[in-house]
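Paired with chain B in one complex and with chain C in the other, chain A is shared by the two complexes that follow.
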Partner chain A sequence: MEFYKILVPVIGTDADEEAMKLACRLAKKNKAKIWAVYVIAVKRALPLDAEIESEIRTAEGILDHIEAVAEEQDCEVDTDLLQAREVAPSIVDEAVEREVDLILMGVTYERRFGQFSLGNVVPYVLKNAPCRVILYHQPTA
Partner chain B sequence: MYIIVVGGGKVGYYLTKALLDEGHEVLLVEKNVTICKNTVDEMGSVCFRGDGCEASTLAEVGAGRADMLIAVTGDDEDNLVACQVAKHKFNVPRTISRIRNPKNETIFKKLGIDVTVSSTNIILEHIEEELPTHSVTRLLDIRDKGMEIVEVKILPESTTVGKAVRELSLPEESSLCLLLRKQEKPIIPKADTILQSEDRIIAITPLESEEVLRATLTST
Partner chain C sequence: MNNSWQPKPGDKIFHPRRIKRYRLRRILGVPALFSAGYGNVGSSIYYALGIVALVAMGATPIVLAIAGLLFIFTALTYAEGTAMLPEAGGSASFARHGFNDLAGFVAGWALMLSYIVTISISAFTIPPYLGYFWEGLKIDPIAGTATSIGIVIFLMIINVIGVKETSFLNIGAAILDITTQVSLVIIGVILILLPNPSVLVQNMFAPGNWPTLPNFILGIALASIAYTGIETMSQLAEETKQPEKRVPRALIMMIFTVLVIFAGISLVSLSAMTPQELASEWSRDPVAGIAASLPIALIRDILKPLIAILAGTILLIATNAGIMGISRLAFSLGNHKLVPPILSRVHPRFKTPYISIILFSIVAILILSPGLFAANVFKNMGTLYAFGSLLAFMFAHASILILRARKPELPRPFKVGWNITIRGRELPISAILGLFATIIIWIIILVTQPYSRWVGIIWMVVGLITYYLYRRKQHMPLT
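And then the complex of A and B:
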């Protein structure tokens, strides 16, 4: 499997960091391009282009950190901050628009109502992604 | 423009689609999970699952910044409640409600709904327009001014045929705006314009004078 364009959606977890390191390793072989995206989910009560300062600050912090992680791996990464009503469709849209070969997502083990849950984003991306998807699971300490 | 459509039936579905095509920000509010899922699958994140009659739902979908709310569920009562909550709690500038029972039109207006759309009345108006027995067709209600624009057809047996406009005793505040005659350009009626059989007159009149106007123009 060879990848030339890789999309790494991030939300600021430890798994994102490891996912980015993995993306860098996969990218090195073919000098693939990597995009790290953070999606701010904007509530309906606000217009889509509303500037939510606190969210933007958090997102920029996460993207700066992920950029630094990539630099440590001698890898160049482009970062993108998106605003959307829902996170999952915007990740898929971004993948379509950038014609990526791979979406690489870090996931954490989460329980909802006492059962393991992948949440809403991962299942949607798995179902609708136009390319391969790799989920990186961070082992619990 | 941010438009909230309440009710994801056929009307709501096609309305949402058309409004999205026109470039508006549209959100469909629908209770049924399957309808909501199908809409999202087809049109993206434009459907919110919830009851559009509930203030909490409308708050969540951002009714406070909506420019318009259109309630098109199959129940007149639900449409009324959705529009009223939007109007009075969230100050939505314009509310439009679909009504199935034409009798509800007056009460909806009294309760502050800006526009009501009655499919029954629309069909009836089209029938009136097509049937020669109906000489007056209502074209537009200007309810807040108490006026309406009507089209009156001059029947061959009418006593007004051959009379000049000045000879007609039109009701107060009514005026004839346009005269449409077969194979002629539209004419703006003047005092000396002679009415002919089959002429169609566009007139503006107070609501309460419609009957008098009809009687004046079409008496036999």
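And then the complex of A and C:
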């Protein structure tokens, strides 16, 4: 498998860091391009272009950090901040628009009603992604 | 050389923001847009028919048809405006671009009033439909109005917390709504209208059933309430894929659907009930009145609870759409420095504009509260809605005309046809007619309806004072 364009959606977890390191490793062989995106989900009571200062600050911090992680790996990454109503469709849209051949996502261990849950975003991306998807799961402590 | 550079203490590294205004994911297509719009317009049939019948009596279908013509003009104006300026704000945005900030504020503030009244009316008509399950909700004004107030408070909390609402829910509700309304029209035509068409003629034209001329005109004004969703669709332009193409398409689909369904429902209702029955017993739940008048017991027994549940759900969605619409509008006006920034303040935890949601929900409750004591609050709410919405429509038509004259170079992906040329500028006839009609009807409401006159004027004056003080504090010009 060879990848030339990799999309790494981030939300600020430890798994994101590891996913970015993995993306860098996969990218090295073919000098693939990596994009890291953070999606701000805007509630329907606000216009889509509402600039929510606190959210933007958090997102910028996370993307700064992920850039630093990539730099440590001697790897170049482009970062982007999106605003959308729904996170999952916007990740898929971004993958379509950029014609990526891999989406690499870090997932964390979460429980919902006592069961392990992937949440809403990951299943949607797995179902609708136009390319390969790799999920990176951190070993639980 | 670049590699040897190191920041010195005190140096500030400027990181440009990554966020770009147009890097917003737009996900709505024509079906989702149509559903959101129809969810709003389609919901109004559940109360508009009764509110119009209160004054237009037997002429209700004719009045709705005339208002429908106005609706077409207004929808065309919105289609051109939204395709040209795909941003939140609707007529307020058109007026700001066409005239100046003050006009944008007046249009936006008027629009806010109509949103608030939409919240009140939609909430006010939910209990009568649910009266099928417990009659007290329909006949007891205290129980009914208290329930409506409870619904507004419930939705206010939900919106402050910011529970997700998916497009899927909208699409499902719109499909179920259109299916039920079309079925009701077909069943009504077959079982009520066709067997005895003379009843419809009798109910429309018999002495005592035809309204006086002032009431006829007031009926046209009130009928504007039947077409509340145009603004919603315009507000959603900013999250629609290719809004310049899809918004006009969805608007045209909505015009066609709404006119056909409204014509059918109004004709069937006057075949099933006398105008007096429609204007009294069934004024707040006219569609339930049609279902209750069907001659076959089995169909009646199926449709009555179905309509009670469906109308309740659709009206709940419409009430919620009103709350979301007004908070977005307040935020948009705040962004353009037309209202104080406190209205755009976002809750630190829930990330919703909680102050505007709470404030405008309280105003909606205040408008509802006379319902606890008085019976004629329904008509008053209708005229107050017309006061706000007609003012907003007026600005929309005027802005489209002025933009054609002042900024003919603006790209217009959807351009209204049937133009006349004045001093080398093409002006759409529909916008000219729409502007004159809305001005005349608005003046009639102002002159003949004391409640909406005073409440509407107080609302506008309070807004203008706030605008003046805020702009002065910001050292900004009024225009």
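Just so we're on the same page, the second predicted complex is superposed on the first by the 141 of 141 C-alpha atoms of A that agree within 3 Å, B and C clash if a C-alpha of one lies under 4 Å from a C-alpha of the other, contacts with A are read in each partner's own complex, and residues count from 1 in each chain.
Everything below uses one rule, namely that contacts are C-beta pairs under 8 Å (C-beta built on N, C-alpha and C of every residue); 3 or more make two chains touch, one makes a residue touch a chain.
In this text, all values refer to a predicted model and were calculated from it rather than measured experimentally.
Chemist: Under the superposition described at the top, does placing chain B and chain C together on chain A give a clash or a fit?
Modeler: Verdict on chain A: clash between chain B and chain C.
Chemist: Could you tell me if A:Met1 is touching chain B, chain C, both of them or neither one (first, second, both, neither)?
Modeler: neither
Chemist: More residues of chain A are touched by which partner: chain B or chain C?
Modeler: C
Chemist: Touch check for A:Leu81: first (chain B), second (chain C), both, or neither?
Modeler: After superposing on A, A:Leu81 lies in contact with chain C but is clear of chain B.
Chemist: Check the residue A:Glu55 against both partner chains and state whether it touches chain B (first), chain C (second), both, or neither.
Modeler: Once the two structures are laid over each other on A, A:Glu55 reaches chain C alone.
Chemist: So which bits of chain A does chain B touch that chain C touches too?
Modeler: On chain A, the residues that contact chain B in one structure and chain C in the other are 43-48, 84-86, 89.
Chemist: Residues of chain C touching chain A in their complex?
Modeler: Against chain A, chain C makes touches at 15, 17-19, 21, 23-27, 87-88, 159, 162, 164-166, 238-239, 323-324, 327-328, 331-332, 335, 344, 346, 348, 350-353, 357.
Chemist: Across the complex, what residues on chain A touch chain C?
Modeler: 39, 42-52, 54-56, 59-60, 63-64, 79-86, 89-90, 93-94
Chemist: Which stretch or stretches of chain B touch chain A in the complex?
Modeler: Touch list, chain B to chain A: 2, 25, 27, 44-45, 48, 59-62, 64-65.
Chemist: Help me check something: in the complex, which residues belonging to chain A touch chain B?
Modeler: Interface residues on the chain A side: 43-48, 84-86, 89.
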